[in-house]
Each structure stands twice: as C-alpha cells, then as structure tokens.
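In the two assemblies presented below, subunit A is common to both, partnered first by subunit B and then by subunit C.
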Partner chain A sequence: MKIVAVTACPTGIAHTYMAAARLEKIAKNLGHEIKVETQGAMGVENKLTENDIRRAQIVIFAVDIEVEGRERFNGVKVIQVSLQEALKNPEGIFAKIQR
Partner chain B sequence: MKAANASTRALLVSPNRIIIRELENFLHNTRVRHVHFGDGSTAPPALAYVTNFARLSVTLSGCHTMEIASGGGAKIIKPIRGHAVFVPDHAWNKPDWSGPVEVLTFLFGAKQIGVSLVRHQGGTQLPSSALKASVHGGYDVPTHSILAALMVLAADHSKGPLVRLLTESLLHACLRLLKSPQKRWPRKAIRTYESICLYVQENFHSPITRESVADHFGLAPNHVSRLFRKEGLMRFNDYLNLVRINRAKFMLQNYSVTLKEIASDCCYNDAAYFCRAFKKICNVTPTEYRAQCATAVQPRTSPANIWQRRRTAVP
Partner chain C sequence: MSTSLSFTFVCSLSNGIHARPASHLAEVANTFASECILTNLRNDAIAKVRSVLAIISADVRHGDCCFVQVSGPDEQFAHAALQRFIGEVLPGCDVPLAGGDGFARGRTLPRVLQAAGVTGSFGLPVSSGFARGKVVIVSGMALPRGLQAKPAPDPEKELERLKRALTTVCGRIRDKLTHAISPTAAAILQADLAIASDVSLSEKLAEEVSQGQSAGQAVMEAGEFFISVLRQSASEYTRERASDIQEICLQLLGEIYGAELRVSAADLHEPSVVVAEALAPQQLLALDRRYLKAIVLEHSGTTSHAVILARSLGIPLVVGVKNARVLFSPGQEVVVDANRGFVVSNSANPVQRFYEHEVTTLERRRELVARHATGPAITSDGKTLEVAANASSHEEVVQAFANGADAIGLFRTEMLFLERERPPSEDEQFAIYSEAARTAAGRPVIIRTFDIGADKPAPYLGLAQEENPFLGYRGVRVYAEHKELLQSQLRAILRASLLGCIQIMAPMVSSLEEVLEFKAALSEAKQSLTIMSVAFQADIPIGIMVEVPSVAFIFDQLCAEIDFFSIGTNDLSQYFFAADRGNPKVAGLSKVRQPTFLRFLKQIVDQIHRAGKWVGMCGEMAADIRYLPLLLGLGLDEISLPAAQIPECKRRISKLLAAECQNILNRAIACVHAVEVDDVLDRQQSLGAAQPLLSEELVLLESTSQSKEEVIQEIVDAFYVTGRTEDRHRLEESLWARETVYSTGLGYGFAAPHCKTEAVTSDSIGILRPNRPIDWGSVDGEPVGMIVLIALRNQGSASRHMQVFSMLARKLMNDEFRAHLLAVKTAREMVTYLAQQLE
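For the complex of A and B:
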C-alpha cells in the first residue's frame, strides 16, 4: 500500500521525529511504501509533493497540533491519531488501515 | 499595542525575531553556570525524548524539571535559568512539564538547526505557546566545531569550565546563524539529489540499484547519474558502496559478528566482493580494520563517534 503521513507535536522537539521514525519502520516491516513529512522545530522536512499525495491510498496524521498546509490533503482519505498513539501503539494504526 | 496579548504579538512579529530577541537577552544578562549531560546510559522510559540528533535546552525562566540518564542511573534534575541540558544523539531526556517554565531548545540536525521556544504554564499537557525557527543548510564551521567539541566532552563526562564555556559559545554561534540572512531555498536538482542520498542511506540494506532508485523517484536512470555527476562528489554506485561500507565499519567496530553476516547486512551477496570493495575505500581489509579499532581505546558507542559517522555519511 502507498501511504503518506505527517507528524507534528506542540514543542516540535522530539516526538515529531520519533513518531516519524516509528511509522516508517513499521510500514516497511509490513511491506508498505511510506513517506513521512515532519513538521517540527527544524521546519517542514521531507515535504510531501502533490504527486506523493495523489498517489497515496491513505494519509496518516499523527499530530497534536494543526497540520500545516492541510488543504493539500483535500479529497484524500485521512486518518488522524494522537502522537501518543503513534508512539505507543503504531501497529494498531496500521491494523486499523488494513481493515 | 499595549493591550495586545502575547499571542497577538506573536502573530505580528516573526517567530525568528522573537527567538533571536530572547536568546540575545539571555546571553546579555546570564552566564551558563552549569551544564547537565544526559548520556542515555539506561533505557529510555515511555514517551521520553530520544532523537537521532543532539539537543541543547536552556531554561529562560521557571524550572524545567526532567529525568535524564547519567553514569548508568536515571535521575531527576531541576534546571533553572543559567543551567543548560545537553542531550547527545540517541540519548534521552524526559521533561515533566509540571511547573511553569520558559525554555529554548536547539535541535542539531544533519543539515539544519531548529530552535523551539516553549512557554508552559505547567500542569497541562499542551504548552501555552511554542515558537519555532530553523536555519536551513545550517552549519558554518564554528558552530560545527564547537558542537563536535561538546560531543567529545559529553562522551568523556568531562568536568570543569570548558563545558559551560563551550555551551555559551555554541549559543552565540547559533545566534549568529539565526541573525545571518537565510539562504535561498536550494534548487530543485539539489533537493532531488539530497532526497536520493537520504533514500540510499535508509535503504542500503535492500538490493537497490540505480534503476530501482530512479523508478522510486519517477526519474530516468540516466537522470540519476547526471544528478550525481553534477551535484555530488562521486558516481551513484560509488556513493551506494560508500554508504554500505560506512555501515560495515560501524558493525566491525561495535559488534563481534562474522564478516559474512556483515556483508549480507550491507547487501553484499559475496563476502569476497565485500572485502574487495572495503579495501578499495578504506585501504585496509575488514579484518585489519577491526583489529585497528580493538587496539584504539574507545567506548563502545560514544556519541562523538556517532556524530562523526553521520557527518561523513552526508555528502
């Protein structure tokens, strides 16, 4: 499955990057293709292109704040989870997607 | 203007300028008196902050209570104004955000530096405000060198004035970077080239080739070659080999696994070919390299080593 995700936490210090790493690792283990944009204190990194979003079958928002540039995802299936969930039980998110 | 509250003002002034002002004000009025090092010598608790880049927190007001690992045990520290906390890459800290605090955190990424100014009332999950600024294409030589020196001292648990003076210097170096005019967003070719490099670094253990990478990015294989020729320092295949051999060096230095296992971890099917490729890049065989590492006195995975390795892996 082709998946794109955005992670963002209020302080932008650590959880943004930890959640991104967690999602990437598990997606790869499950054989999905994933690209994760991080919106932390280092600015927007690994920015999702229009093409990335168009090709994705699902978008994961693992965020505790508003996503920057949310309008880019209009018309795409989005599931939103808290960062806590992405850090503690990322497997659960993918189980939800596959159902 | 007087009636405007902090959040309205934040909308009028860019986060960058507010962060610069706070940092200038801090450096003008305060000396760094103490630096805590979180060394990651115990396993991180749930939801602790662990990142693959180093971080430096400076308390501006209040008390930034947190848990860190130090010398093999976890402990609670209560940094106040004048105290800093340095957390090397892969080490951890866990702030509890229980009391009011204002804290500036610097994130030292591979290519950029991020700064986050968090104001927290305490007792709630969410901060009352968080401003972020970043310096793209971040490092100049002074910043990089001061940070590298601080990494070495952190690994050695060094005491004495050097640590706090270097921390102060690092803050001054960051202030200088924040105040220097931001570089233009890099050209598209450079961005594509950098994304490919990152992709290679993340996928070197899979059987990737110039063709599969080109396909992943929707480019023609020849275009990938052209990007490496024009923007990079070496050809695509040489870069892929370099990334794999760097990984092999890390494994040889830190783990006592067989050459065959290392070769296959780095996606070389043939151990003899792996040895030839290793020798071509390092001028010594893998076995000789491992022997050299064993004689040099080095901690098993010192943060300073991790730092150097990462810097060299990025072109």
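For the complex of A and C:
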C-alpha cells in the first residue's frame, strides 16, 4: 500500500517527530510504502509533493493542530487521529486502513 | 418603661456585616438614647448595636437571620430608623475596596508544594534568599521590658491617660478624614474611628484598669481580646479587621508611651522570622542578627530604608504579604522563600524535603556565581563595568568586598546621624571612615555627606515638620544652616582620606551655586586641618548625586567644577515625573523603565561623558539585574548595588554583549509603554557564547525524586545551577503548560517533557533516571524510568539545535536507543553516547 502522512503538534519539538518515526517504522514492518511530512518547530520538512499525494491510497493526519496546506489533500481519502493515538496504538491505525 | 420594639432581618451583604457596614450601623444606633440589641439567630451571639466591635464579634454572615430589639425613651424613632437603615442603606454599605495585591495575583507555588496541598501567602520578594524560623510578630504591641513590669498604683490616673490617648487618636483620625483622598480611604478611616470610639473598647479598657492594669497593659489586653474574637470569624473580611484593631491599639500605645515605645524591638532567642506591618531601620538594626533569619512585612513599599538595609545585609525579605500578622501565629515554624516571594508553614514533610533540596541547589548556584565574583566584570565583547556596593556601616563594607565589590560606590552617612540626641563627633566619624578606607585597601570609597530632611529623625537639627519633605529642606540645602556639622564631617572624611582612595559626594544638589558653596566648605575644612598641621589628600575627588532634574541642564558648568557624578534613580525618577513613588496611585508613572526616563538617563550620561567626566549609578535601578542590559547600553562607568547581589550581577555582565546592549537600549527608548520595555528586555538575545546542548551536570542518574513534580523540579534546578536558566518558575510553568495538553509520557517507560521558552539561556537537554519508577500519566498507563527533557529557547527560525532535538525525538522511538539509555552507567558515558548518536 502507498501511504502518506502528516504529523504536527503545538510545540513541534518532540511529538511531531516521535510520531513520524513511529509511523515510518510500523509501516515498514507491515510492508507498506510511507512518506511522512513533519510540521514542527523547523517548519514543514519532507514535504509531500502533488505527485506523492496523487499516488497515495490513503492519507494519515496524526495531528493536534490544523494541518498546513490541507487543501492539497482534497479528494484523497484521509484518516485523522491525534498524535497521542499515533504513539499509543499505531498498529490500530494501520489495521483500520487495511479493513 | 414601655415594652420593647423588635424586628428581624436577613443579612444580604455578601461579606457579612464587617467593620465598614458595622460602623454605619453603630452610627445610626448612637444617635438615639434607646438600648438596641442585635441577636444573631444562627449562633445566638448578642451584640449592642452601638458597638462596632460587638456587631463584628456577632459574626453576621450572608444569609444569617438576626433579631433586633430596641427599648428606651426614643425607642419608636430608633426602631423606625434602624429598620429603615438595615432595609435600605445597609445593603449598599459594602462597596468593595479598591486596589490591593497586584503582584500577588496569579502567583503560584512550585508544583512540588502544590501537589502536596501546601498553601502559601504571597508577597513581593525584595531581598533574596530563603530561611526557616519561628514566627516573631513585631507589632509594637509588645511592650518594652521595662514597661511591662511597671505597676499601676493609681487606676484613676491610668484611666485618665487612656482617655487622653483615645481622644488624641480619635482626633487624629478625624483630622485625616477631612483630608481623605478618596471615598475608599475615607471609609477605612471611618471604620477606624468607629473602633477607636467604640463603647465596647472603652468599657473593656476601663474594666482592665479597674483590675489594676496600667494603661498600656489595658490596651494590650483589650486589643488581644478583640483580635482573638475577630480571628475566629468565618469571614476573611472580618478576620482582616483584627489588623484594624491592632492599628488602633498601636496608636494608643504610641500615645501612652511616646518615645519610650519607639525603641521597642523583639528579643530573639532562636532562628526567627520577624513578621511586622512595617519596620523602621532602627528597629531592624536593634534585632539580634544572629537569630534574625528573614523578615515578612505587610506594607508593600519596596524602597523604604528597612528594605534597603535588609537587602544590603542579605536578610531575606518579602513585603506586601497581606494580613501576615494575623495569618501567622507567634512560634509557628515557617519558611520564607524570598527568591520566589511567599511564606509557607514548615510543618508538612514535603515542604521540608523541598527546602532540603533547595539548600543544595542554592549552594551549588552560589558556587557558580562566586566563580564570577572575583576579578572585574567584563562583557563577552570585552567592555568592563565597575561593580561597586552601597553601604552604610563597616559591617556592610566588609560584606561588600567579600562578595567581590570593585569599590564602595555609595557610603551613606546619614545613618550615623539619626535617632540620637547629639550628632556623631568628628573623631567618631573619622574612626568609621578610616575603617572603611582600610577595608577597601586602595579601592575607591565614595562617601556621601549627610542627607537629612524632615522625614528623618535628627532632633538636634531642629527641622520642622514639612508637608512634603521630599521637596523640602534636606540634603545639601541644610548645610548653610548647619555649617559646623558639615565642617566636622568634611574634616573627618579628609583625615581618613590618607588611608585609602576616598571621594566625597554631595546629595540633593540642584544648582551650580550649591556646588560652589560645597566646594568652599571643603576648602575651609582643608584650611583648618592645614592650620592644625593635620595631613589629608589634597586633591580628593568631589562629586554630586544626580537626583534633581535641574542639574541635567548645567552639566557644562558642573563638569568644570567637579570630578564625578552618581545617578540616584529613586529620587531622580520621582522628581522627573512629579510622581510620589510612595503613592501607589501614581507610583507607576515614576517607573525607572519608562522610555522617557531612559531617554533622560541617556542624555545625562552622554553629556557627562562628552565633558570627559565619570558617571556611575547608585539607585535602586542599578540593583535590579533585569535592567543590566539597559545600564550597559547607557555606557555607565560604574553601578553600585547591595553587596549580596554583586556576584550574580558580575556573572550576568560576563554573559552580555555590550554592543548588543546598546541596541537593546535604543529599542527600549523607542517604546511607548514601560511594559514594552519589559518585552524588549525579555526578548534580549544577548546572552553571550552558547553552551553545549548537554553536559554531565544535566545527567541525573539515580535520582531520588518521587513524583513527576519532583522530577521536573530537579531538572529545572540542574538548569539553574549550571546557569541555563535564571527563572526557574517560568521554566517550570512552561514545562507544565505542555504537560497539561497531554502527558509527555510516550510509553516504553520513557517521558519526554519539553517546552519552548525564553526562560532558558540556551537550548538544553536534561536527563534524569529515577531510582524508582514515576507515574507520568503516560499513554500506556505505565510508570516511567527515564526522563529526557528538552528546552528550546524560542528563536523564531529553525535552528541547528532543533535538528538535534527532532533527531532525538525520532530516536526515542527506537528500541535499541532506549535500551542503551537505560543501560548507561555514568553521566560521562551518557553525554558521549548522545553526542555520537545525535551527530
């Protein structure tokens, strides 16, 4: 499966990056292809291109704040969870996607 | 006698019938001859309505049902009047008091104490430090020892003394009432007057005297009786009134004993915390320094002499603690935290644990600071600023140099002249000045000639009471009339001048004429010494205080006459803005960080420097470390402050960049409001060379912390002792602000608390591994055994450090990385490992 994700938290110091690392790892273990854009204290990193988004079968927003450039994802299937959820139970998110 | 008339009412006042409504009620009852009795049906308390104290003692709260019975010759009129008053007027008698505890609002205790359910009384910390001790209330209520034992052979005479005192006190309050500046002030005075003229009080006093008490003892007994009654009230408002009674009793004692009472001070026998409404400098000095550990004042003034004195002696002091004398009882063990600004009872275990840690933290912090105290204060970019101390006794001079002072920038001499029958002799002064010069061992000592006005007690000067002593006959202005006093002081200073580097400074100068007269007086003193063949330093430097704005317009003339200047910011700002700094309604106007005032200071310094002369600052502004960037920006040659603050001040200077301080000053000058200046100061980036993200001191393995609160406190303290934060409270609160969004416990037994804050001086990582797992409210519900704390200084743009932080956050998701952190044996190993991993 081709997945893209965005992580973002209010201070943008820790959870944005922890969640990104977590999602990348689980996806890899499950054999998915994933690209995670982080919106943190360093601004937008690993930015998702139009092409990335078009090719993706699903988008995960693991966010506690508004996603920057949300309009980029219009027309794509989006699943939104809190950052805490992404850290606590990332397997659960992927299980939901596969269903 | 006819049958009595009665009615019932329900109290609708939200704070109950406290002193102010009670005083109105009693006023009405007192216009009639009938006896009016109020019964509070809730507690069956019975009160004479003519007595304010009795009404207050009945503790009538909101919703209480009361029964009023009126009997006597004019009972019909009295009944009607009281009923109408209680129904129509009384509910409007409770206009809330204006003003109050601005700085105490929104203050919180450290989280560790909050979590332990401790409550604190807040105030404004004005002399830092913390101390434990038993409460000793110095209220003036304590009679001097000699007076306590005095028998009262003639009750008639004692009663007469009491009546006279009551009449005088009432008269004085009435007099003040006619000058009351606001309705609130008038209402308070009215309540005071009601208490002073209360029938219950005078009855109680008479009763005490009839039992053989002296007038003073009777006041004490009666005061204590009513205070204890009021303290039992459920209403905070009523409990507060206890201090009104205390105030009246103090005034009565003052009348009865006069000067004898003024010297009264407490005898201290064990480590003590002195709690008082306000303290006179002489009162403070009379306290046994061995046992005086801290002071708590209800009065909120921050520039009184007692405050200045406590600061220079390094005695922790918190001012503006409302009702401290009522809230704390004598003998109670308390902790005064004058770093944070509160007082807590020391009985709870967590308090003791917290302050045991605090002792170690502050000790280590002092070591850090002391490393910077020796040697001159030089900014990161190489500019030296002389850091001198203010002093007024030999003791303070010794402390100043022990703390690393480069000089004594202001030796106040008026303390030598006050509260005594005769002025100090020339020899007495010579002894004191030469002691200071010897202790200074060649470093400069600026001695300021006496600055006395009508506000300071020096009876032999015969200064008349003045409406406004700060604008009156004081300082250099009295020298012409008291020529010999000045001559003897100048001769004493000159004689001491050979023993070191002494300089003379004149206070309160406002014109060139005064400078010329002062110089002539100095020549005369020199001449008389020459005649007597006494040696002195012929070219002793002469300077003046810059505290009257008029001198700012004649620097060209002044610089031709004298050698140096020292800016006294307290008086200069209040004269500049025409705003009394003791009047809370206008004190805000004369804040030294008003941009207008900063402009004025810049003009002063620039003008003096253009003429090639030296200028320092010895006012309170120099003592406030927050203003250091502004002072460096001004380009002052010296700042003079209380000795206790010198090490920290020197350390701060070494962290600043002089060039950037000029920019900070320019930005501050361009502001409109004082608060914007605060903002500029908060944002200042000029913190010198950055520290590495992590150091061994920030790795706390085998921590004994037992809770989330203690863990965060311990890491914050580690930041403090390594100079990574100057504001522990703000750093702690930033971390907790993040925790309240949701716990930073990320599972796997790890937590990563973090924040973005200007409370850290540089980006930092703190690591703590507790001996026992800590409940962190983690996502998986498990306790944590490893805490990695990240503090980012808000610098707006993406920084290199943020890259490290994001890498660290990602790594925390890596099993191997976490296992390694748990296995690391030493702090050094931890630093090395992380440096490797986060390359």
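One rule holds for everything that comes next: the second predicted complex is superposed on the first by the 99 of 99 C-alpha atoms of A that agree within 3 Å, B and C clash if a C-alpha of one lies under 4 Å from a C-alpha of the other, contacts with A are read in each partner's own complex, and residues count from 1 in each chain.
Just so it is clear, a contact is a pair of C-beta atoms (placed from the backbone, for glycine too) under 8 Å apart; a residue touches a chain by one contact, two chains touch by 3 or more.
In this text the structure is predicted, and so the values were computed from the model without any measurement.
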Subunit B versus subunit C as contact partner of A:42, first or second or both or neither: both
Contacts of A:51 with subunit B and subunit C, given as first, second, both or neither: first
First, second, both or neither for A:20, with subunit B first and subunit C second: second
First (subunit B), second (subunit C), both or neither touched by A:84: both
Subunit B versus subunit C as contact partner of A:74, first or second or both or neither: neither
Subunit B and subunit C footprints on subunit A, overlapping residues: 10-11, 13-15, 17-18, 21, 40-43, 64, 84, 87-88
Of all residues in subunit C, those that touch subunit A in their complex: 738, 741-742, 744, 746-747, 752, 754-756, 779-780, 790, 792, 798, 802-803, 805-807, 809-814
Subunit A contact footprint on subunit B (complex, rising order): 46-47, 49-53, 55, 105, 107, 109, 112-116, 118, 126-127, 130, 132-134, 136, 195, 198, 202, 218
Residues on subunit A engaged by subunit B in the complex (per definition of touch): 10-15, 17-18, 21, 24, 40-43, 45-46, 51, 64, 84, 87-88
Subunit A - residues contacting subunit C, complex: 10-11, 13-18, 20-22, 25, 38, 40-43, 64, 84, 87-88
